[in-house]
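One chain, chain A, links the two complexes that follow: it is found with chain B in the first and with chain C in the second.
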Partner chain A sequence: MTEDVNPKAIMDFLKPRLGARLKTWIETCTHCSMCADTCHFYLASGKDPKMIPAYKVRFLRDLLKKKGRVDKAYLQEIYKTIYYECNMCRRCTLYCPFGIDIGFLISTLRGLLTSLGIAPEGLKKAVENYKLTGNQMAVSKEDWVETIQWCEEEAAAEVVGLKIPIDKKGAKIMYTVNAREPKFYPQDIMEVAKIFAVAGEDWTVPSEKGWDDTNLAMFINDAPTARMIVENTFKRAEELEVKQVAVTE
Partner chain B sequence: MDLSSFAEGPLLWIAFLVFIIGTVIRMAQFIFVARTKDKPLYNYFSVKYILATLARWLLPLNVTVKKNPVFIICVYLFHICLIVVPIWLAGHVSLWEESRFGWSWSSIPDKWADWMTLLLLAIAIFFILRRALLPDLRLLTTAGDYLLIVVTVLPFLTGYFLTHGTVDSIKFLGDNMRLFHVLSAEFVLILIPFTRLSHSVLFFFSRAASGIEFGRRGYSI
Partner chain C sequence: MIHSVELFHDYLRDGRIKLKEKIKVPTTVQDPCNVIRSGGHAEKNRQLAELLSEDFRPMK
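Coming up: the complex of A and B.
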């Protein structure tokens, strides 16, 4: 049963990424299994052999051998493994005699599936939000600025003279948050504002794109979007001429 | 020219040339492909991290030794025997002396070579049993993994038979053991650049790549 999977699309993604490291790592693994009991998925599943890191990346070798000629069911098998059986912590690499970076291989597979339109729905939605609004929760600029303003008002009731400076040029620190904070946990912003106020720091938050410091595009290996997110933050830092960028806890 | 003189003449040249040129190409490929596709390796290139990681993993100073001492000691012994016996065996050294190169170097006592060969064969059997019996490895192991172990130790088995005449009672084997020994060794040399045996050279590059990456992030290398 070969449903509409385009082998060319698979090879077009893999070929330019087949660098020296990737190729070497795919070809030199000697299946020694030293990585097995370093994996928390392996240990937590009662030592299920299917959870051995070296086994989880068998797909890459397979895909190259089959020249991308696989079916939808096979892609689903890859999807299950790379999203639910590995979180790319790289602990196995610390124990691999060759230093094979399994996390890098898994990430490559995630990027491949992303390029074919396969990724967890929540992450896909978040990445769309980044592209449209610059933050993962699709908070508009008006909402963001307004949230900062009322956070300032409420926090100032507790700490006299507290300010949350917006777009203050030449400040020492530019503070960035997780987009969930303005959306669901504005109290976190207030707590930080209090710390900055009491510590007497010279700080600011940007009003434009770049204030969200999370990068969920990285998890599905959507490199262009991941890059755009980081660049937004750098752009703001340069515009505001700050010395440091601080990220939320 | 009969098969014997072909195996010990032109084929020997071919085997050595394929091995040397093949491995050099594999190394050159890594260096040149990395230049365009693995830029972080060049951007963060660090001799310090490379030497540190190589020392750690060539010597038993790494975390994996502590985690699996028995297996890793076997792996070290296997590789030491694999390299030392063919290079420093008195019989081989004398062949180099007689050859057109006239090269000569010291050799190990034959008694040592015998024991090292037997040790290597025993460890190979242990490796094969381990792959066949442990459920983890059964899933991971491919037919090629078994084949490579067998192919790698065949020159040692035939070499032992050749020097001790163990199976000379079977006339065919006794008459041709030298040929089998030479052919099996040539086969291994030719396979090295094209199979997982290439880990013998690519180990250094793979290790170095991870050393650079982990070293600059301050992880354990």
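Coming up: the complex of A and C.
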């Protein structure tokens, strides 16, 4: 039963995370089902009891009881639930009488599977891109800067005097985007440049990594990469001595 | 950190940008998970939609 899943790997991931908070949350749930009606998966499935948030986090207690001795099919069942039956919106958490953060529990399970190499392929690729280039779409610095420059040119044809200041030290706002914008939707960058121009805002975009404000590593609970992504943004903000970082995500 | 919802809401509220025309067809807004529950922008998100629309209808 356990030949292709290493129970030690599962327990090595879970054990250091079993602080008071996680333990309390796992043990406190009374299955009162207050969370049921808050879940859009539950409501949209015709109130399928399998979609009740409290039920979706049953795996954590189960894994601990079994000391990680589960098979691949079991991990696949976890995978299906935590990626396709919950998007960690945390609405259930707001209604839980005990304040159990079910989104956090799902995220813990996602992190566990990530540590075992199991995550949606698209997200895995995006997370690799962050590690290599600092953004999810693997846009190079040259492409990013060039895109900003021609966006500025085109938008300036509509709003006289429009500028997209790159690396402007001491600007009030450092603006960050979703990396899909330079890749697929540069018109979004032009639109925001027009708003800033008309509002007379003192803004800038960084040329170095830190300009992508998405954090898909967070979705698979790859904490070190998620942290690196945020740190890139803060590093740029400190270097440029801006007062605020504006995010669109 | 400032979210674009808050930023654009404040621009409109303070008159830093003005609209030529508002959206005419009925609009509504669905609370996005993290902007609302972790970001705390429920009010400004709704007000922004109202500021942009002639016929805003809150979800029931």
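The working rule: the second predicted complex is superposed on the first by the 245 of 249 C-alpha atoms of A that agree within 3 Å, B and C clash if a C-alpha of one lies under 4 Å from a C-alpha of the other, contacts with A are read in each partner's own complex, and residues count from 1 in each chain.
Quick note on the criterion: contacts are C-beta pairs under 8 Å (C-beta built on N, C-alpha and C of every residue); 3 or more make two chains touch, one makes a residue touch a chain.
Note that the structure is predicted; figures quoted are calculated from it, not measured.
By the touch criterion stated above, A:A119 is placed in contact with neither chain B nor chain C. Once chain A of one complex is fitted onto chain A of the other, the partner contacts of A:V70 are absent, as it touches neither chain B nor chain C. When the two structures are aligned on the shared chain, A:L94 is found in touch with chain B and with chain C.
After overlaying the two complexes on the shared chain, residue contacts for A:K50 are found with chain B alone; chain C is out of touch. In the superposed pair of complexes, A:A36 makes contact with chain B only, with no contact to chain C. After overlaying the two complexes on the shared chain, residue contacts for A:T24 are found with chain B alone; chain C is out of touch.
Among chain B and chain C, the chain that touches a larger number of residues in chain A is B. Once the two complexes are overlaid on chain A, the chain A residues touched by chain B in the first and by chain C in the second are 93-94.
Residue ranges on chain A touching chain B, taken from their complex, read 16-21, 23-25, 27-34, 36-38, 47, 49-50, 52, 54-55, 93-101. On the side of chain B, the complex with chain A involves touching residues 29-31, 33-34, 37-38, 41, 53, 57, 62-64, 67-68, 71, 75, 134-142, 145, 196, 198-199, 202-203, 205-207, 209-211, 213-214, 219-220. Interface of chain A with chain C (complex): residues 87-91, 93-94, 173, 192, 195, 198-201, 244-248. Remark: chain C residues 1-4, 7-8, 11, 16-17, 33, 37-38 touch chain A in the complex.
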